[in-house]
Each structure stands twice: as structure tokens, then as C-alpha cells.
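Two complexes, one shared chain (chain A), two partners (chain B, chain C).
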Partner chain A sequence: MDTEGRAKAFEEFAGAAGAIMNPAVAAWKAQGGRVVGYFCSHVPTEVLTAAGLLPFRMRGTGSTGTELADAFFSNINCSFVRNTFNLALQGDYDFLDGLVCVSSCDHVRRVYDNWKRNLGTPFLRIISLPKKVEDAQVGWYRDEVAILREAVEKHFEVTISDERLREAIRLHNRTRRLQRELYELRKKEAPPLTGAETLAVMVAGTAMPRQHYNEALEALLERLRGANGQRDYRARLMIVGGELDDPRYLEVIEEQGGLVVTDAVCFGSKAMWNLVDEEASDPSEALARYYIQGQPSCPRMHGDQPRRAAFLMDMVRDFRVDGVVGERMMFCDLWCVEHYMNDLDLKEAGVPFIRLDREYNASAKGQLRTRIQAFLETMGK
Partner chain B sequence: MIVGGCDVGSTTGKAVVLNETAVLSHYIVPSTTKPEQTARIAMEEAVRMAGLSSVDELAYIVGTGYGRLKVSFAHDNVSEITCHARGAHWLNPAVRTVVDIGGQDCKVMSLDERGKVLEFVMNDRCAAGTGRFFEAMARVLGCGLDGISSLANQGATPATISSQCSVFAESEVVTLINEGVDVADIIAGINHAVAKRLCSMVRRVGLAEELTLTGGCSKNDGLARALEQKLGVSVRTLPQDPQIAGAVGAALIASEKVRA
Partner chain C sequence: MGMDKKPLKDRALERYKKERDWFAFLLQAVDMMVTPEMKLQAKLLRILLDSKQAVVDCVEQEKPFIAGYFCSAPEIFNAMNLPWFMLMETPFLAASAPYILEDIQGAEDMGLGTDLCTAIRLPIYYIESGMMPVPTAVIGLLSPCDGTTMLNQVLQHNKAWRDVPLFCADPPYTSDERATQYYAVELRRMVSFLEQHTGRTLDMSRLREVCEESNRTYKLWQEYNELRRAVPSPHGWEIGGAQAFAISQCFVAGDPRCTDWFRQLVECGEIRVREGRGANDRVKEKIRLLWFDIMPYGWIYEFMPWLEEEWGAVIVMDMFSNFPYTLIDTSSEESIFLGLARRNLMEVPMIRQARGTAENFSSDIVRLVKDYKIDCVIWPGHMGHKDGSATAGIMRETCRKLGVPFLHIGLDLFDKRYTSVDEVKDRVSQFFTGMGLG
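Right after this comes the complex of A and B.
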């Protein structure tokens, strides 16, 4: 694929990832479609899809400051919620017909509180997410899924039958399978796409009508299967962390020669690595099981670190990763000790690891550049 | 074969001319707002001091430091982390831990026996523990940077400065001044506060002897003594100006590139 063809193939995804509003969502709205925002990887978005709604994952993309939002947060809240709430306060999220928050972390909980008091979004819910991942918690979360399902039915005046929910699960699984196939291409010696390009595709998947996205992704895969790949990289890197939605962050890393070949971040592999059971007699239970036990583990979950470490090691092996970059947003409490453990585990396995603190906006390019360059140098690359 | 290393930092530009075995010359200039210009002034002067007529006579030049991408005459660029480690290790092969304190950042590197970086930590997010911090304190205390270095060891009872933030630390210092605390004790307190921060960075990469300081702030004797006290090891001094360690490292890498 030549440069122009390449830019064209990624154009729609890059556009959707690089802004909040995009043409596909605008068209959806123009046709009378309704959009419900959601925070975090634990919201059972299939429930929204089954209700005919478009789930839209919340981001702070395009935010240039937090001066409106700062008044509503303390000085230990992360810059992700500040920037995202700032966009909401300046009207960028006025197109939302609803918002679903989840008690994934205290920062997002505070967004819910502030949203409730300051913004008039007609449908506003918060889901209670358990802290452990055993069967008892699956039962708890099944109740939460059912409560959300009922609330959506009531507010949006729709019926979500089990069959409609199963259909939504199949549609979301289709996305997951396609995205997984995209990642499989990156296992190659010469991956046909960069980490930044992949992240844009993944972020776009949370910001576009799903049917349309799946078709666009199929077309992209078709082009990439036979495409030439990147060979001129210095090292194959994996990025591990949380709410990373900015492809430009990975671009800075890749400009130094560190090709990001896989990840364990919220918008990346964590959103699609495993599938929801499509055949389960109770689809609400199937969703609860997936979001508690099925998808790759989040550091928020207690006692589940061994599963996260195993996932990390599998990724390192399967994608032939030379080094791991651990990113953490400043003031993120969920990730504060996780990277310390990753450091020990990876050291034991002889895999180079670097920890990076960052702000939501990828503005400190020079600092990132120096660290990545030095990291590659220490790896002898 | 003669090569060059050019380290364009936030506060000063450093250039070194090196032959196979020794530093032939080095030159340090205050950084201008144009990194390209800073680099050229430093390199041209170092070249002149080495008795060469032009930068073109250098077989290879490596740029490093914040301005490394702007050194137009450099053949390659390498991060200052790798360069400081390499330079310090060449100047003293027993070195296993390098604490580099520059104008706007500080970093700690652990090295193997060949001078290769095993691990590093870096603070460039805030001014605490950098040259900027000492400059701000010297201004408040009216003692100049030399005073920060020399007066510290006269402070018998270092004042407590608890803030890690240079802005808040400055407020603390102003409070101490107004409480009539002896200036030497305040300066000792400042150096102890920075040493504490560096100490925790050293513990992150793991302390291994010998330890040395590089960068402009390594000339602060009060800081070196405070660090020794906190870490319980002695700080080894280098046989050359520690401020040029990064440029020396860059030149060493340049000479490896030529040989390769």
C-alpha cells in the first residue's frame, strides 16, 4: 500500500479517534438516532446497542485546558476526568441522550456527581462494579446489568428482549473478532500497521455506529492482509496501562523507532481479547460473567494480579516483544502499584521495562522522546 | 582520529573534542534561545582550543541533551542518559551509579561494569532538585550559586525544608528568613532537601558503588556532602569537569561509530 492509499484506509478511523464528534455519529443523530456516553471498560454496552442506542465511550480528545472543570475537582483528580468534564461543560457532549458511569475509580465517580449537578443530560446512571472477580460477584453484576436494562427500557421506551440482547452480543463479538484479527497481523516480523494506527482504529470502535464500523474494519483488514509491513524499527514494544486513547502518544514512541506491536490498555486489547458467550440462556448473566471474569483484568480488581501478569507474559511471548512500556496517568491510584509489580515480574523474565507517568494531553513530547530513546539505547537497540 | 561530542542542555551547551585516548579540549557556553546556535558556539570554540581549524575536521560528532535534534552538524544523536553514563564511566571505570543534576532535570542511572545503562529514573516534571531550584533559592537568599555550594558546610544545624515543590520550598525559605534562621543553616537545609529527593531516586534504581555526580549542579559541594550523609557512601569526584560528562560520553560514542 502506498502512503496515500494507506492514509485513505485509516482516514475514517483516525478522524473518529481525533475528535469527539465524527461524520458517522452526526449522520446517526441526523437520522434520529440516540447516543449514550459511557465511561470505562466495565459498562455492558451490549445493553445499549440492544436498545437501539449508540454507545459512545467518553474521552477528552481535543481538550486544550481544564479551566472550567478544575473548580469541580480536587488537586488529586486525574487529568482524564478534568479534560473530559471540561469538554462537557463547554458543550461538546451536548449531543448525548444519556450517560452511564461506573464505580470503576473515584475519579469517574466524581464525574458522575458533577455531571448530575451541573449538566442536564436526561438519562444518567451509575453502575456499581464489584471489587472481586469470583462467582458471587458475577451474580451481583448480573443484577446491575438487569437494573441497567430495565432503566434503559423505561427511559427510552423500548423493549430489550433476550433475543435482541443476544443479537447485540453477537454484533459486539463480531467487532472483537475483527479487532483481534487486526492484532494478529501485528505478530508478523513486518507488521502492516503501527501501534498509533491500531489505537486509532480501536478508539474509533467506541465512537461509531457498530454495523458501519464492522464493515469499515473488514475493508481495512482486507487491505492490510496483503500489505507490506514495517521492517525498519529498532525494537518491538508493548504498552501497558489504563485510559490511553491518544494515538499521538504512541506516535512519539514510534518516531524513536520503537514499534508498538501490542498492548494491554483500556481502548486496546482489554476491550476485545475475549468474547461474550453468545449461546447462554441468560444473556444478562453472560454479560456479567464477561465483564467480571472474561475480559482481561483491570488493576481495579482485587486479588486478580496473577491473571494480569499472565496476560502480560502471554502477550510478550506471542508478539515477540523486546520491551514493555508501562504508562500511568498522574494521580491514577489504580495503576500506582501495578507497574511496580510489572517491573519485578518482567525483570525476572529478563524483559526490559520502563515506567512513564503522563498527563492526559500528550504535550510533554520532549520528555517522552528522551525516555523512549534512552530505553531503546539501554536495550542495545 | 579526532571526534566531537556536543551536549546542548537547558542552561549550558557543552562541547568536547576527543582523540583515541584523551579529551583534547572542552568548552561550556550559556544556552541561547537557539539550540543550533548554542551547539555551534560551543563546538567551534572547542575545536579551536584543540588546535583544529574547523568542525569539519572531526571524523564524527554525536549530539545529546535537550537540543540534540537541533545540532545540525552532528552525524547522530544519543540520549543524555546514555551519554552521561558512558562519560562518567570512562572518566572513572569503577562508577556504577551516576546522579546527573542539570539545569532543568535530574536523573539517576545504574551501570554495568562496561558503562552500559541498566536502569534509569528521571525527573523533568518539576524544578525540585535541579539547577533552576538552586538558582531560585540563591536569588531569595541573595547568596549566588557559589554561596549555595560554599556556605552549606558552615550550616551546623540544617533547617528543615519539607516541601518537594520548589515553589512551596521557596515560601518555606522566606518564612525561615523572616524567623531569623541563619542563612548557612537554610542553605544546608536546601541541600538536604534536594539530597533526600535524589536519595529516593537512587534507591529506585538500586544503590551500587561507586557513585558519582555529573551535570552543572555536581559542583555544589554542599549537596554532595548532604547526599553522602543520606546514602551512607562517599561521592567520587571525576578527574575532569563533571559538567562535561555528557559531552564526553557523546564523543566516546562518536569514536565507536567511526571504528564500527
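Right after this comes the complex of A and C.
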């Protein structure tokens, strides 16, 4: 694929990842479609799709400051939350017909409280997400899924039958399978796409109507399957962390010669590595099981650190990773301690690891460049 | 041939004993004072020392004991006759000890981020460096903050601790009947876990006795809190809330010694109210303050006396001193577990405000400001309380509606290097001056 063809192939995804409102969402709205925002990978978005709504994952893309949000949050709150809330306060999220929050972390869960008091979005819910991953918690979350389902039905005056929910599950699983195929291409010695390009595709998947996205992704895969890959990198890197939705962050890393070949971040593999059971008799329970026990978990899920560590090691092995970059938003206690443990585990396994604290906006590029250069050098690359 | 555990045990007890000795030293000092309030302090310190010694004895004699938390239904630990210590005991209770800054530095040197709550960093440091007694089993905590969840996971990751059985009750985010029922089942699972791993059994009639005793304690606590409504308030930072919380939740929950302590506390308060005496006999009460967080334990003695003496500002109420501890209905096993679930999920301090949605931050401020004739509210903004700091705007708005000045500082309650004590004093002085208080 030549440079022009490459840019064309990724254009729609890059556009969707690079802004809040994108042409696909605008077209959806123009046709009378309704959009519901959501925070965090644990929201069962299939319920929204089954209701004929467009789930849109919340981001702070394009935010240039937090002046408005700072009246509600403080300087020890993560900049993802502050930037995203700032956009909401200045009206960038006025196109939302609803918002679903989840009790994910200390910063994100307070978005719900502040949103409720300051913004007039007509449908607003918070889901009580358990902190353990046992069967009892699947039971609790099954009820939470059912409560959300009922609330959506009532507010949007729609019916979400089991069959419609199963259809939505199949549609979302189709996305996951296609995205997984995209990741499989990155296992090659010469991957046909960069980490930044991959992240743009993944972020776009949370900001476009699903059917349309799946078709666009199928077309992209078709082009990439036979495409030449990149061989002139210094090291194969994996990125691990939480909220990372800015492909420019990975571009800076890749400009130094560290090709990001895989990840364990919220917008990346964590969102699609496993599938929801399509055959389960109770689709609500299938969703609960997936979001509690199925997908690679967030550090907030107690008792699951060994599984997360094993996932990381499997990724390192399967994608032939030379070094791991642990990214973390400043003031995030979850990833602070998780990376502390990752560091110990990877050291024991002989895998180089670097922890990078960052702000949401990719502003400190110079510092990132220097840290990555030094990391690659210490790896002898 | 088994490994010699003695060096490990000795190291694990080294800091713990040092902490015990620090309290013994404080007791010597307090014992020299003759006021009824200081006698109460002494009584508390004796109970605390007994509790610490019980853990030391368990380690040395290899008897079962557990690590847990104040909000994990300590009434059950007591009913099962299980000695226990709180995993965050040092920052909560011994942050004034002379070695605390050295330990915080140790945590920093380990590579834990400096923006991670100090109350979490310290126990992680003790665990990772082998300076905490390894218990028979752990009852972990999954609320109110992200840090506590991660602390448990460090326990499971640490090589010396990973084989220690650990149970955490899962706290729902909601606060309705469904949540109470769910949490009650979680507490029953906790009991089964403790029975399985400690060899102790729970006798329901004993748990009923303990809950009835704790009900007597809480009745007295509520009575005492009524006394603090008086103008001037009979007590300030020095006696009352922090100690009441420690004794009733951390050391002897549902124990007659605890009830007796509260009875004396009420008597002390009554005398002062009757005589019209305020918290500090040398100072006239000018500002009635709601300190809406934990006390700044790491530098309490450098700040709190100044507050009273420089400004006549008395901490009439704080986050740990006033909550609707609903009495537990002891009529059946089910009602006991439901009562414990409600208390430990929705009513204990800090969990009450920070576990779920922000309603209790604002509703507690409204209630306390009105009930206690509060002149101003200070949210210290501890660097670990991220959810609370994300509620600062809500608290500010609540106070604005009440017409009560609100100050958000931004500090570390345990580490005075974060925001120096002088800087905190400056901020508070500017606030009082600007608001025309004092």
C-alpha cells in the first residue's frame, strides 16, 4: 500500500478518533438517530445497541483546557475526567441523548454526580459495578444489566427483547472478531499497521454506528492482508494501562523506532479479546458474565491481578514483545499500584519495563521522546 | 526441615512493637495529667496497648489473629474472639510517631508514586519490606477508594502474604434494600471464611450480645454528640470524635469497656456544658468549625492547638464523629446481619460519604452545619481522597446555599512535606480573615 492509499484506508477511522463529532455520528443524528454516551469498558453497550441507540464512548479529544471543569473537580483528579467534563460544560456533548456512567474509579464515578447537577442530559444512569469477579458478582451485575435494560426501554420507549439483545451481542462480537484479526496482523515480523493506526481504528469503533464500522473495518482488513509491513523499527513494544485514546501519543513513541505491536489498554485489546456467549439462554446474564469475568479486567477488579499478569505475559510471548511501556494518567491510584506489580513481574520475567506518567493531552512530547529513547537504549536497541 | 521463621517474625514485629512503645510513651505523658479528659485518653491508650499486645502474643505464640478494617463489621471479629489489627493502623492511629516521615520516604524509594494516598503507601511499604505481622487470615476492604482495592492486591502479590487467605466483602455502589441484602450475604460469606481459616466459630448468641453492647455504645455516642451542639462546644479536636471512632470501631467494638469509656465521655461533656466551659479553658470559642475529613494525624499537634489558640477556632464536628449509626435489630440472625450490613456499608465514616454517589457529602454538611451551628466548613482535600476532591464543587455549592464559608486546602493528612504546616496555617488564616471570622 502506498502512502496515499494508506492514508485513505485509515482516513475515516482517524477522523472519528481525532474529534468528538464525526461524519458518521452526524449522519446518524441527521437521520433522527439517538446517541448515548458511556464511560468505561464495563458498560454493557450491547443493551444500547439493542435499543437502536448509538453508544458513544466518552473522551476529551480536542479539549484545550480544564478551566470550567476545575470548578467541580480538583487538581488531584485525573486530566481525562477534567478534560472530558470541560468539553461537556462547553457544549461539545450536547448531541448526547443520554449518558451511562459506571462506578469504575474514584475520578470517573464522580462525573456522574457533577453531570447530574450541572448538565441537562435527559437520560442519566450510573451502574453499580462489583469489585470482585466471582459468580455472586455475576449475579449482581446481571440484575444491573436488567435494570439498565428496563430504564432504557422506559425512557426511549423501545422494547429490548431477548432476541434483539442477542442480535446486538452478535453484532458487537463481530466487531471484536474483526478487531482481533487486526491484532493478529501485528504479530507478523513486518506488521502492516502501526500502533497509532491501530489505536485510531479501535477508538473509532466506539464512535461510529456499529454496522457501518464493521463494514469499514472489513474493507480495511482486506487491504491490509496483502500489504507490505514495517521492518525498520528498533524494538517491538507493548503498551499497558488504562484510558488511552490519543493515537498521537503512540506516534511519538513510534517515531523513536519503538513499534507498538500490541497493548492491554481500555480502548485496545481489553475491549475485544474475548467474546460474549451468543448462545446463552439469558443474554443479560451472558453480558454480566462477560463484563465481570470475560474481558481482561481493570485493576479495580479485586482478585484478578494474576489473570491480568498472565494476559500480559501471553501478549509479550505471542507478539514477540521486546519491552513494555506502562502508561498511567497522573493521580490514578489503580494503575500506580498495578504498574508497581507489573514492574516486579516483568523484572522477574526479564522483560524490560518503563512506567510513564502522563496528562491526558499529549502535551509533554519532548519528555516522552527522551524517556522512550532512553528506554530503547537500555534495551540495547 | 522447616524454615526458621523467627527472623521473619522478629522483623515483622519490629515496627509493630515500636508503634506499641510509642503509645506506651504517650500513655506515660498522659498519665501525668489530671483532667477527666486526659483520664479518658489514658483509658483509650490502655485499651489500644492491650489490643496491640494481643497481636504480638498471637505472633509470638502462633495463635490465630487477623488483619482487617474498621468498616468490616468488627463486631463479628469480637464475637469470634479473634484478635485483629487494622492494615492501615499506622497512618490512622500512629501517624504522629517520630519515624513516620522516614517510612513515607521508604515507600517513595520503593517506586510507589508520590500521588498515591499516603495511607495506602505506608502499609504497602510495611508489607513489601516485611515489617507487618503476617496474620492467619486477612479481611480486606474494597471501598471507599481505589487505593484500598489495590492494597489488597499487593497482599495477594507479595510472596510472604500470597498464601494468607484473604476475603473482601464486595460493596455495592447503591444504597438501597437490595444493596443491604447483598452485603449481608457477603458478610455471611466472611464469617464462613473466618471459620474455615481461623478454626474459630461464630456463636450467634455471642454475636447478639456484642451487637447489643455496641448498640449501648452508639446510644451513648449519640447522646455525647448532642452535647457538642452546645455553645461553646464542650470539646474540640483533643477529645471526642477521633477517639470515639478508634475505640468503638478499631479496638473493642461491642465490648463493655468501650461502653464504659463512652459513659465517662458523656459525663465529662455534661460537666463542661453545665459549667458553660468550652473546649479549651484558655481560649474563648469564636469560630465553630466543621473539619470534613480525618484529622491531620501526621501533624496534628503542630496545627490543631494553633487553630484554637490563634483563632479561637474549635472543631465542633468532623467526618469521623457523627453519623446515623442505626441500632442493630438483634431479634433474629437475619436482622443482625442486615443491621451489620447497613452499618458497615452505609453508615461508618468515610465509607458513608465516599463509597457511593456524592449525596452524603452534601447531605451530611447540611445536617451538621444546621445541627451544630457551624460557622465554616473546611474540606482539607487530602491528596488520597480523589473522589472527595472530585466532589469539592458539590460541597462548595452546598455551603454557598447554606450561606456558610467553605475552604478547600489541598494537603496530605499524614505527610507535612506535601503542604507545609505553615502554608496550611496561612491558607486558613487568609480564609478566616477574608470571611470576617474570628
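Everything below uses one rule, namely that the second predicted complex is superposed on the first by the 381 of 381 C-alpha atoms of A that agree within 3 Å, B and C clash if a C-alpha of one lies under 4 Å from a C-alpha of the other, contacts with A are read in each partner's own complex, and residues count from 1 in each chain.
The rule is simple: a residue touches a chain if its C-beta (ideal position, glycine included) is under 8 Å from a C-beta of that chain, and two chains touch if they have at least 3 such contacts.
Quick caveat, the model's predicted, so the values are computed rather than measured.
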A:N114 touches, of chain B and chain C: first, second, both or neither? second
Partner chain in contact with A:K365 - chain B first, chain C second, else both or neither: neither
Which of chain B and chain C A:K154 touches, first, second, both or neither: neither
Contacts of A:S74 with chain B and chain C, given as first, second, both or neither: second
Superposition-derived comparison: chain B or chain C, residues of chain A touched: C
Partner chain(s) touched by A:R225 [first = chain B, second = chain C, both, neither]: neither
Touching partner for A:L129 - first (chain B), second (chain C), both, neither: second
Which of chain B and chain C A:A374 touches, first, second, both or neither: first
Contacts of A:D357 with chain B and chain C, given as first, second, both or neither: both
Overlapping contact positions on chain A, where the chain C interface meets the chain B interface: 357
Complex contact set, residues of chain C against chain A: 110-113, 115-117, 120, 124, 140, 142-143, 145-147, 149-154, 156-157, 168, 170-174, 178-179, 182, 185-186, 189, 356-358, 381, 383-384, 386-387, 389-394, 397, 408, 410
Of chain B, residues touching chain A in the complex: 66, 78-82, 116-120, 122, 124-125
Residue numbers on chain A that touch chain B, as the complex places them: 357, 364, 366-367, 370-371, 373-374, 377-378, 380
Interfacial residue positions of chain A with respect to chain C in the complex: 71-78, 81, 103, 105-107, 109-110, 112-114, 117, 126-132, 136-137, 140, 143, 299-300, 302-303, 305-306, 328, 330-334, 336-338, 340-341, 343-344, 357
